[in-house]
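Per-chain numbering from 1; labels A, B, C, D, E and F assigned in written order.
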Amino acid sequence: MTTLFAPPVAAPSLPASAEIDAIIRLALAEDVGRGDITTAATVPPGAVARAEILQKAPGVVCGLPVVEAVFAALDRRVRFTPVVPEGSFDADAGRRVVARIEGSAAAILTGERTALNFLQRLSGVATASRRAAQLVAGTPATVIDTRKTTPGLRVLEKYAVRVGGASNHRAGLDDGFLIKDNHIRAAGGITPAVHAAQRRAAPGQVVEVEVTTLRELDEALAAGATLILLDNFSTEQMRAAVAQARGRARLEASGGIGLDNLADVARTGVDYVSLGALTHSAGVLDFSLEVIA
Amino acid sequence: MTTLFAPPVAAPSLPASAEIDAIIRLALAEDVGRGDITTAATVPPGAVARAEILQKAPGVVCGLPVVEAVFAALDRRVRFTPVVPEGSFDADAGRRVVARIEGSAAAILTGERTALNFLQRLSGVATASRRAAQLVAGTPATVIDTRKTTPGLRVLEKYAVRVGGASNHRAGLDDGFLIKDNHIRAAGGITPAVHAAQRRAAPGQVVEVEVTTLRELDEALAAGATLILLDNFSTEQMRAAVAQARGRARLEASGGIGLDNLADVARTGVDYVSLGALTHSAGVLDFSLEVIA
Amino acid sequence: MTTLFAPPVAAPSLPASAEIDAIIRLALAEDVGRGDITTAATVPPGAVARAEILQKAPGVVCGLPVVEAVFAALDRRVRFTPVVPEGSFDADAGRRVVARIEGSAAAILTGERTALNFLQRLSGVATASRRAAQLVAGTPATVIDTRKTTPGLRVLEKYAVRVGGASNHRAGLDDGFLIKDNHIRAAGGITPAVHAAQRRAAPGQVVEVEVTTLRELDEALAAGATLILLDNFSTEQMRAAVAQARGRARLEASGGIGLDNLADVARTGVDYVSLGALTHSAGVLDFSLEVIA
Amino acid sequence: MTTLFAPPVAAPSLPASAEIDAIIRLALAEDVGRGDITTAATVPPGAVARAEILQKAPGVVCGLPVVEAVFAALDRRVRFTPVVPEGSFDADAGRRVVARIEGSAAAILTGERTALNFLQRLSGVATASRRAAQLVAGTPATVIDTRKTTPGLRVLEKYAVRVGGASNHRAGLDDGFLIKDNHIRAAGGITPAVHAAQRRAAPGQVVEVEVTTLRELDEALAAGATLILLDNFSTEQMRAAVAQARGRARLEASGGIGLDNLADVARTGVDYVSLGALTHSAGVLDFSLEVIA
Amino acid sequence: MTTLFAPPVAAPSLPASAEIDAIIRLALAEDVGRGDITTAATVPPGAVARAEILQKAPGVVCGLPVVEAVFAALDRRVRFTPVVPEGSFDADAGRRVVARIEGSAAAILTGERTALNFLQRLSGVATASRRAAQLVAGTPATVIDTRKTTPGLRVLEKYAVRVGGASNHRAGLDDGFLIKDNHIRAAGGITPAVHAAQRRAAPGQVVEVEVTTLRELDEALAAGATLILLDNFSTEQMRAAVAQARGRARLEASGGIGLDNLADVARTGVDYVSLGALTHSAGVLDFSLEVIA
Amino acid sequence: MTTLFAPPVAAPSLPASAEIDAIIRLALAEDVGRGDITTAATVPPGAVARAEILQKAPGVVCGLPVVEAVFAALDRRVRFTPVVPEGSFDADAGRRVVARIEGSAAAILTGERTALNFLQRLSGVATASRRAAQLVAGTPATVIDTRKTTPGLRVLEKYAVRVGGASNHRAGLDDGFLIKDNHIRAAGGITPAVHAAQRRAAPGQVVEVEVTTLRELDEALAAGATLILLDNFSTEQMRAAVAQARGRARLEASGGIGLDNLADVARTGVDYVSLGALTHSAGVLDFSLEVIA
């Protein structure tokens, strides 16, 4: 592999994953249904076209590989050329060309809306993540996402979070232990719950546990938890928790945090701040596709 | 069927559809992955639980049948009981119980996040749709959605629009003709495009065409179009278009319309106002699941 | 797209659709099963072949893109070349070559039967549709198909109807309202049923209702129905219905119509004549595949 | 199992098979699409109904278990009760009730067309098979089907052939060797082709080879083939082939055989007569579903 | 096909089959999950690599086409070049290069383990089959496999058996009758069971029946069975069975047979010896993948 | 959940997972194919049966929930009753009854082989895991599995490892970083590779790196790796590595370890010993299904 070697990758790459294939197929199926009747009626068979995708609002472009996959699923011969790098930020509200597409006119028109629906949402998530990451810059805290993602888009939205410069919490229920209040009740307390999970853990797999008071924090630390979620703590309580933990565990602040108080939270000394809004309330970034020939 | 007959249905019902099954399966798969390790470690096999779903912000609840399907997919024996009707509005920011769940504790904890992810988003769409529908009340206009939906959630989001009291535009590319600028270019003009689609239309199927000027509106009317989309018209231009159409075609206003100018647009006399924001920028409505025993 | 533009499309094109992919995969799976043991035993690996598909009876060829897709599913490198245009009619009972295939001998032999099974059936439907369309030529009526299609082949058979020169009724239960007797009973009458559907209709979406008597026709017209199915009317009753409707609604004749009385029905003045036989009793058109080298 | 034991089964039973599940799902998906909008608009949620399925033409009823599965796929609680046994023949053109259905009115109306589309086709195949089996009664020949089946319906149509009283040839390319002209060319002759297949055969698996002349029949017999397909032989040639084979191999007559000459062919002494028309040209048998309460 | 014709195929070829596609997709999905995070973090996008697959233990290499398909599923542009023929035996415990791979470094690293997991298992089965086939060389017996295969790998493991030089028994429950004790009880005895199956058999399809005593063998022969499984017979009983059958049926020895007594069993004169161990206890053959540039 | 609460779970539970459903469906499909023709021919429709599953060799039973799911997939009404707990060990080579099954005779006979194929393999893995876990008892080491699992059975085999008393390494490529030699080369060295992965890691997610020498171990420790795989170290080198690491990282011994030297390795002081043989060479444990009425 030596000839092409650059220093370790900076920009996140979109992972190959059966789930991404599945949501692209599903999205196309739900839009195309039994076939695009308008295009079938109006576009001559064999017609080819060239088109551009334009960014129409300031923000981070994210989802170009998904756009490419959407058109490829309709017609393998469509040529897709990114014009700007995935993850690049545009501050203008102008009409930046982010990609060019060339090939079957029918495929381009049929795939347009599905491609843009992915692009506008993922770019929205990346843009919100960028904003959040900037707000905590200079603090020891890292902004992370949650599992409050759009059904079917988990892998893509978590990718968009990374593209925007924030980080990912666990990807799903199989990817790390997070013991919440209901698990604690079921297990009979924080200590037995943590110990049960530790017994089940793979090498190096950390067990996270949620606490709602400083007293519970003590119990979690005593049980050997090395990652602890502070559920709906005030910033004052967070500072107390940081003092109490004395580095024995990393702390995640969660609940009731938005862009307005994010910087305050980050300055309390917690290691992670998790924001459901990165994915569930990011909004969309406007893009359009224009046929130019 | 006579004994159970009530007058025709008021509240929209969630249609059976392979696409809904597919997105529920996909959403569970992406969250559960190879299995919920925290629950497996902490919840004793055979444990049962009772839980409530609480609405935590004012708005329209939408998605209860989806929540039921999520838990049923994990364990067919989970009992789900709606407490309020699908589509009901709660003005309080209180903690309204919207449903009760009883059955396998493991299934309830494993399905919780996926169920809430559906519920919060669909309720967000229904709430936004209700607000929009109220803004046009008293005008001749109907608020309709677009195809700018979340990939994989088309059928569900369009259902949420109806639950909120707004209406649906076409469900997909196979469900009605909508001739846009690129189709017009491909077909060689508005007239040939409209005629080509009319030849392909099923009985009663209307051909809609997009126009950008009053002159194009004339051509569309002359071509026999009976549904015309006014693309990015000012409200003044809309009024002119209404005057020009004289009832020969129904008119849809589209582009650049938000909650701020929706009422103004609706008063121009257009028949439909389409709002992409109903689905792509609706936001989420907050819900939680609490185990009570 | 301009350079390649011809006047709007004459021949229907086969739409991209997940359903077509699914039935092709299913058809191959059911024939190939765990593998073509005869070909594996007798054809040397790497052998290539050239073959022709021959039409052996007079009629319309339909399904060439499906044939291409069948072979491509087995081996992406197989070259498929249509020799006559999709939809072309051959009056001879001769042996017209309709396509050539070149590539892996194993793929050609394994896919032969599945490819021909599609081709013979779709060509049968197209041929029957052509005959029906010719019988109504010169009348105001359009021949349309029904939902009485072969399970799994809906999209393809409806495409074959168009290739043959007839037209499509709605594609499925989601694609247009058709209120039948059981819906009327459920809704409490023609009027409430029509109104309920109209409330649910998308812009431009027509509500069709079935009537069995002239009196019901009156009620349907009064309810504002603009497309009405005359169920099992005699030609005399149809003429009366046409007179009664006076253009306020388009009329579809349905039930008890075959090739023998189709022209008579078409001359009554109805707008549409629907024929289940176009798809469910079209018969097959004989084709064979011959390896020539 | 002893208490329920009856003598070995007379009527064929419908096998459990992933392919049957797949075609039922596909057929429902293609008809229901994004949801049955007419039923959603007109049938009150929770309404229940009772319905009957009526046979409206003389013939063999076949497909009742498929009808049951269609409704069960829409709503697990629908009760389906056959009134006549699967495979029973009705000589009248009357309106025989073949099954009763009870449950969700919406599920019954939504599933009606898909259920009938299966039933009418499978009953058509069973009826044609019955007619063919009767024509060879009293001769040593058995009527068998071919692989010329409807794409997606292979397993079901072959089941219908058995229900009608005829027999099945191989189910697919993996289920028995049938060496045709193209395989013979690829292998370099009848003898090497037969030997290659014999080497690959499982215990008890017979190798069938197609011959077009009496000379080729000799070569096939010499190669040890014990099942030989006589391709497009005249009845005279068939008689010669029977004489020549002297019981060393069983003989299948194939090609150019219809109901008109079937009895003649059967009297030549061949063991099997294969008829593609059993499946590809069987026609449909008319059924309807009527809601009775 | 003539130009490329060689004498009938010696080495078995891997059949195209939907089941093989399905297990490859499933195997990749279960290993890759939401994406290969190590490769995403450490391998620069666009990096290419060349790698070799090495055989590290004596045995038969089997599964090269599966390895090719695994990498192609990750990246269609990966070039895979076999260096030794599928099925070739290597007696050394050296490091034989069996294939070369060139293309996307990420695809090669992500697919490595899945590819090797297939290769090591199939080569293990082929190697065990080769050993068994050698043990019966010179006797009239053929070694065959059973349905005791690894779930999901049926078609591939049976292919590996052929590659190793042994033969296949039926591929599944639809591929040949094998009447076992429970079927006999259900049918009311050997005779009615055999007759019931014969009535259902396709042309040339043999009915096999299992017997546990010489008396049952007599009944099976009298019922016309032409393939009989001797269940857990001693070698003495096998010899008696061979004498008793006098060629009227072929005999399969099954149960309690391993590599230690296989040759003894083969010398009793039975036609087939079935060995579950060929597939369920074959062990794996060690391979590794090494990146060389 | 309180009423049913026991102390945290001892025996591992089988997780709900889409992958388990998929492999069960695939295994049934590959065995049943187009239908179980022997059962269809010999077992009367409606016959019911009772059966027992017997363990016929000493070992740990594992897979009973999978067996239940196999029969449920064929007929939802089959009753399955475990007689011994999942994971229980039987030291006798007797015929221990492990489960009872009651219901449709056809479903029981059709599902028998598939159910046993799962059971024999998973019990084999659990038995091997138990043996390995016993060999390291009293040492500080934990036995863990690898990704060298059977394609399609990953989740099930890792479950069997836990049932046997050993532990799981990561579940797949998305579930933890493991930097191997090829990743190190791609990233330009151990240090940049470890740092790249750490930047990408989720909260609490550990980065493991493979080293082949003590010098590389130093570099890995310096880079901050807290879990390090010692690749093919001798036991002497392992002891040196333990001394060198001084608890700064946990160490995993891997490569060239079998049951013969496992205890020696475990005594070197490493934290984990990974054994591919737990899954790829575990062998099967013999079970049979007997119909008792």
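Odds and ends about this structure:
Note that a residue touches a chain if its C-beta (ideal position, glycine included) is under 8 Å from a C-beta of that chain, and two chains touch if they have at least 3 such contacts.
Only a predicted model underlies this, so the values are computations on that prediction, with no experimental measurement involved.
For the pair subunit A and subunit C, chains touching both partners: B, D, E, F. For A-B, the equivalent interface among the listed pairs C-D, A-C or C-F is C-D, as over half of the contact pairs agree by residue number. Inter-chain spacing, taken between the CA centroids of subunit B and subunit D, is 44 Å.
Centre-to-centre separation between subunit E and subunit F, using Cα means, comes to 24 Å. Separation between the centroids of subunit B and subunit E, computed from CA atoms only, is 52 Å.
For subunit E, residues touching at least two other chains, in rising order: 1-2, 5, 8-9, 12, 15, 17, 19, 29-30, 32-37, 40-44, 47, 49, 105, 110, 154-155, 171-172, 174-176, 182, 185-187, 193, 196, 200, 291.
Chain contact topology: the protein chains form a complete graph, every chain touching every other one. Residues 1-9, 11-13, 15-19, 154-155, 158, 171-172, 175 of subunit C are the ones touching subunit A in the complex. Residues 19, 22-24, 26-27, 29-44, 47, 49, 105, 109-110, 113-114, 116-118, 120-121, 147-155, 171-180, 182-187, 193, 196-197, 199-200, 280-281, 283-284, 291 of subunit A touch subunit B in their complex.
Across the complex, subunit D meets subunit A through its residues 30, 33-34.
Subunit C makes touch with subunit B in their complex at residues 1-2, 5, 7-9, 12, 15, 142, 144, 162, 167-171, 174-176, 182, 185-188, 192-193, 195-196, 200, 202-208, 226-227, 250, 252, 271-272.
Those residues of subunit F that touch subunit D in the complex are listed here as 25, 28-29, 32-37, 40-49, 74-75, 105-107, 110, 291, 293.
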